[in-house]
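Consider the two complexes below, in which chain A is the common component and chain B and chain C are the respective partners.
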Partner chain A sequence: MKFREIFFNKIFTLRNLFFISNFLVLGLFFYALAHDFFREWKPYQKEYKLKEKKRVRDLMEKGDAATKSGLNDELKKAKAMRLEIKQILATDMNRVDRCITCHLGHDSFTNPTLINDYKEHPYAAPKNEIHEKHPFEKYGCTICHEGQGLATTFVGAGHMPKDEAQKKVWKEKHDWKTIEFWEHPMKAGPQIFATCSKCHEAHPPVKGVEIVKKGKQLFFENGCIGCHQVRGEGGTIAPDIAEETSVKPLARIDFGFAVSAGLINKEERTLENWIRLHFTANPAVLTPGDPEGHLSPDPKNPQPVAPTAMPYFGFNKDESEALVAYVSSLKREKIPYTYRIPALKEPEPTFSNAVKHGRFIFQKYGCTGCHGKNADQGIPIFNKQGGRAPDLVKTVGTFTREELIEKIQTGVNPEEKENPKGPTPPVYMPSFKDKIKGQEMEHLVSYLLSIAEKTEEW
Partner chain B sequence: MKISFEQIKKEIIEHPIWRSMFRGGKWHDTARDRAQHIIGNVWLHLHPAKLRKRAVRFTYTWGLGGLSFGLFFVLTVSGILLMFYYRPTIQLAYQDIKDLEYVVTMGSFWRNFHRWAAHLMVLITIFHMIRVFLTGSYKSPREFNWVVGTILLVLTLLLSFSGYLLPWDQIAIWAITVGANMASNTPILGAEGPFSIVNIKNDARFMLLGGTYVGEAALLRFYVLHCVAFPFVTGVFLIVHFWRIRKDGFSAAPLDLKNKNEEKLDVWPNLVVREYLYAMIALALLIAWSVFIQAPLEEQANLNVTPNPAKAPWYFLGLQELLVYFDPWIAGVLLPTLIIVGLMAIPYLDNNPNGIGYYSLKERPFANTFFLFGIALWFILILIGTYLRGPNWGWYWPWEDWMHHKPPPPSAWNVPNSIGLGLLALYFLGGIFLPRWIKKEIPFKKYSWIGTAIILILCLALKPIFHLGWTQALWISFAAILYYILGILLPQQYIRTISWPRYVIAMLFLLMTIGVLLKVGLRLGFNIKYIFTLPQFNFNI
Partner chain C sequence: MKKKIFFLVLFSSLLFTHLTLFSADKDAPSSAEAEKEKALKNPYPNDLGPEKIDISKYSAELQEGYKLMLDKCAKCHTPSRPLNSQFLDLKPEELQTLKSSNPEIFKDKLVWQIETGIWQRYIKRMMAKPGCNINTQEGKKIWKFIVEDSKKRKTGAQAKVWAEHRKKLLAEFKTKYPDRFKELFEK
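Right after this comes the complex of A and B.
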């Protein structure tokens, strides 16, 4: 008999196919069940159960009869531990957090003290004052740590590595990648303290929160407020870093230029990294605009767009991290008001003389942002005549006191263009008429005149 | 005592309890018993008891109709399972989907299964329609069942579309926003359509969404439509569809002309086991697919953040792509209506008595070419919309990254109305009258080659005169050849003798279908926005 005949008459028969297909579907369905049954979190719970049993038994061996009987209940409890998804319903925080499914040391039913001696993650639960003061049953986890509390997988939870070494380990061990489609990945390393101010708006004197305070100080010293606002207070030239930047949806961020320039990996697009890039890289590379008008709809009538006005400040790593923490700390959530501790308005420092007060005013209104920390170095401004903001030490001397006040009150808008066909300069000297008044203005002008380079009079 | 499998089977089948479940007394496995098994079983009795051999062959039906129903069935089952965990409110819907994903036993599997089965059902239903067309199975007496089938296709799309919103994530609300905005361009009844007599608070879109944007009311509406209304209506039409299949004769498989005494096959077990087999293989594929490939779920819906681009579900992306070439009410309302009406009209227009019950290009050259051309066009538009459109609906090749910015395409220009109208008239009148006026038989192959050669030479000659690029010259020659062969030669050859009304309607549909492709070419190759515009009536084509 030919093979063909054998194949069609004996093997590839309807009866055989009927049985094979039935077993195939049944087998696949069992495979789907198994796939569902062996979930990522289960080995962690098994491991924790073993550890707990071993710990209690070790204690029992060392101790006398009395401790043994005392520990009996604990052993029973460890033995009775069931494999299950555990979750915290933090209703006030509007959250369901399942982190304790793996991080069992922080589950108050499994480990009522919330402290254990285990060293490695996810079992470790060291003594932690902040955890003590914020019971998990009430607060959950993600209100501070961020991440996707609903998830029960490593990647789904939105874990973020604190450094390159950890990232490498995670990639090998957990197949880690940045979480997609979740706006709030976890805060890593010192950045975690940025979330305290969701409630503690005044930055309490707690170890770790310094980073936010340092960021705030840098923000003040560098005159960011001259262009940016914080909840409506400050310059109107750039986005409000509290209302817009700190809660910016990823879909609205254009990473195109940063990715093209190789500043960031496409997979690492997060809001935090976007903010960070503004301090570690030249912002004009992130937002180069379209100075030649190549992207205008009508090439015959190009509409050039200037690059961002934000200069490159050259912050070092620590300063950048501090600024990232500060900007992130401005994010607000809908939390019941009873949890919130609003910041009182900080009293302004007092000064011994007009010039010193004037210097403070110079910083307070963000003049430093464009004119330099000591009014001696103007930032580059695209297509502005002269190409940069004036170095006040050189120019102020040419003004009289009255002229200077007038100039500050009216501002310069629009700035004159270097190349008339080029885009409008992205930043201009705003009018400070409604902001700096009376004594503040007098002292500011005194300060400016005091630092003006003396031109020889003849 | 030895117990064999056959013995046990016999004992069971002949047991009084078993026999009480299946009508027909003692089982003898005779032809009569097998027929009785079909007739006496409520689930199987929509089958005939016996069937021609040809109708059972896999390569005849490909099992597509049965699979469409099979998928409808498993979708109902998986949908019921999902309903236990899903609450249709904007506060809870997304979280419920996350719970299915991360917590519920087999939740992720059933969600994936439901999603992938739904996509597969749309695809299989379309293939079923193609199969029925190519075998001429819509011809008398099955004309009306083809119409019912078209209604079922539309219902399948609506079922899938309404389910798209329920996960309440970004792709969900923006896909529905795109779809619902098309409704607002309906003539007369849409606020933005031509001759509108309504405003945004009482137009077609408002009725669909229960509001002016995709919100709570829209979610509840789509939930009820998806879980109750559409399945109910689909069920009603399915019953009619099956009933007509049964009454009109299964699958239109013709008599074997060589063998007048051809013996028919018993449906039990020959057909039933095959149907079961196809269902099982499809099910196996779906289960494997659902285990390994996650259904998409994006960020929670946010009306303040519009993704760029916002795309409709894939089966409507062809229509969304048409928005580039035509006014919204034409692309989103008129053309789909014409497609559906045109599909329903097919059996009443096509009175060619040949080619019923088998695949044959030779006996139905015009019908099959036209239909396959239309299907190809539909899928080409879908492929463009899916793979070649990026931010701002710009043209991005698959190897181009959406991250990197592209200048917008040069602005399009309108052909002056007088020239445009002339061209349109030439196109339609030439296409309608030329094939009918040439009365004599012309050799098809020879003339196709001659015409193609002349067009190519003309295009080569015109290229330097009008400073055309190579792609533009290619487009022009392709368009001319298409019009010449499909629009003139083919109808001249095959349908010039049918009655005038049939002929004119068929030609109008054919010319409009070719016209859509030519318009695509004009826009992409020559930047022509519209060839004829009446802005007063929003009539821009």
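Right after this comes the complex of A and C.
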């Protein structure tokens, strides 16, 4: 008998196939059982259950008979704890958060007082003023902490380390990495306070929120508003940091240059890091444009693109973190209006004289962004004639009051190119005709003329 | 042999590409040329006037200022722009004297724009422009020439000739560049 005949008549028969597939299905069944049995969250629940039983037993041992009988119910409850996925349905927040599957001390059903003696994560109860005012069963977790509420694994939840040391520990313990393209990784360290303004738009006077306020102040002092807008108010040269930057989808961010320059690695491609890099590195490295037009669709008609206009401000670590927190705090979500505390328009400070008020106006409209904090250091501008914005202290003295007003009202758009074949300079002096008027304009000009460098009178 | 030809062709094409790019860079105008181009794109009536004047009767110092003006200012705009300008820079006492002796001269600002320090302001403003290579000494010499030349050619016995010349430039400018005329003078 030939092998072919043996194979088809004796081995590859319907009956044998039926047996094999039965074993395969059985194997799959056991695999599913094992997979479910060894869920990542189960050891946490088992550990918590043991801790709870031990805690109650210790109390019972120390207590008298009355205490013992009183604690009996608690012990029964601890013993009856089932290993299960736990979740909070925060419907108003549009969230289903399963964080309490591991963070059992945070579950107000398991631990109604939100108090326990456990020190280590994830068992330690988080009783504090903020949590007290924002019960988990109503708000959930991810509305403030961000992360992936539905996840039941450490990595899937979008945990983010607060520093390199924690990252190292997590990599060893949890094989930690970021979830590629997950838009809302968890907030780490003080950055958590950026999310308060989803509801508290005016930044509440709560410990921790200072970082956001500091960022807002830096944003004002450095004239970012001269180019950027915040919800439609500000310059029109760069993106609206509230409507665009703070909610920018990761798919729209080109991390390529930052990764190839070694500024971040692939794991660190998050929106928060993208924002951070603009303060810690030279933004022109992140967005170098195409100054030679090499990437133009028609090589015969190159269309050069200038690098980003944003200069390198040289912020230190604390300043950068504060700015990241402020920009992130501008993110808004669909939250019912009853939860939101809108920010009232802050009254402008008063000033003792026109020059001081003029200096405030200089900052208010973001002139500092291009001309420097003291109007003495113009930022570099790619392919602009002379290569930088004017140092106003040197130039304003050559204008009369009227000429200066006209210049501010008209602006310079577009700026002349240094190399006519190169890209259009990415920044121009906008027209402030419709923005700075009346007393504001008069006082601004008074300030500018007051800082003009004194030159030899001919 | 084939290998040699390949490398020869490769080398020649690299050389050609380099030369093409290098010559393209050379073609790119300098900052001053770009400024000049901009100035010509946005003309003034002054630009239609002569680019040179007779300075034979001027002092040596003024002649030096004139030469500097031709050399330095002409990097960014034609010399006719300052030479045919309506600006007249007088000291306060000179201004008062002129007001009483010739009040008519103050009526048409397009022909005579008389202000104390106007030339000084403009020259210093140009000097503050990025890429301008006029130092303070040179600027001062140019300023001296322009101020004195303005007085000589726009006032006194020359006032009538100047008015005719300037009005002719304005008329010609209005015909040639009606939109620009409107933008500058009829806003």
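The definition used in the following text is that the second predicted complex is superposed on the first by the 430 of 458 C-alpha atoms of A that agree within 3 Å, B and C clash if a C-alpha of one lies under 4 Å from a C-alpha of the other, contacts with A are read in each partner's own complex, and residues count from 1 in each chain.
The rule is short, and it goes like this: a residue touches a chain if its C-beta (ideal position, glycine included) is under 8 Å from a C-beta of that chain, and two chains touch if they have at least 3 such contacts.
Given the structure is predicted, the values throughout are model-derived calculations rather than measurements.
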Legend entry - Contacts of A:256 with chain B and chain C, given as first, second, both or neither: first
Legend entry - First, second, both or neither for A:418, with chain B first and chain C second: second
Inset, instruction - Would you sort A:164 into first (chain B), second (chain C), both or neither based on which partner it touches? - result: neither
Inset, instruction - Go through the superposed model and pick first if A:399 touches only chain B, second if only chain C, both, or neither. - result: second
Legend entry - chain B versus chain C as contact partner of A:386, first or second or both or neither: second
Inset, instruction - Check chain A for residues that touch chain B in one structure and chain C in the other, and list them. - result: none
Inset, instruction - Could you please specify the touching residues of chain A with respect to chain B in the complex? - result: 14, 17-18, 21-22, 24-25, 28-29, 31-33, 35-36, 85, 96, 98, 150-153, 156, 181-183, 249-252, 255-257, 259-260, 266, 294-299
Legend entry - Residue numbers on chain A that touch chain C, as the complex places them: 384-388, 390, 394-395, 397-400, 416-421, 455-458
Inset, instruction - Give every residue of chain C touching chain A within the complex, in rising order. - result: 24, 28-29, 31, 34-35, 37-38, 120-122, 124-125, 128-131, 136, 140, 143-144
Inset, instruction - Name, in rising order, each residue of chain B that touches chain A in their complex. - result: 95, 98-99, 101-103, 105-106, 108-109, 169-170, 273-274, 276-277, 280-281, 283-284, 287-288, 290-291, 297-299, 302, 304-308, 401, 403-405, 407-408, 410-411
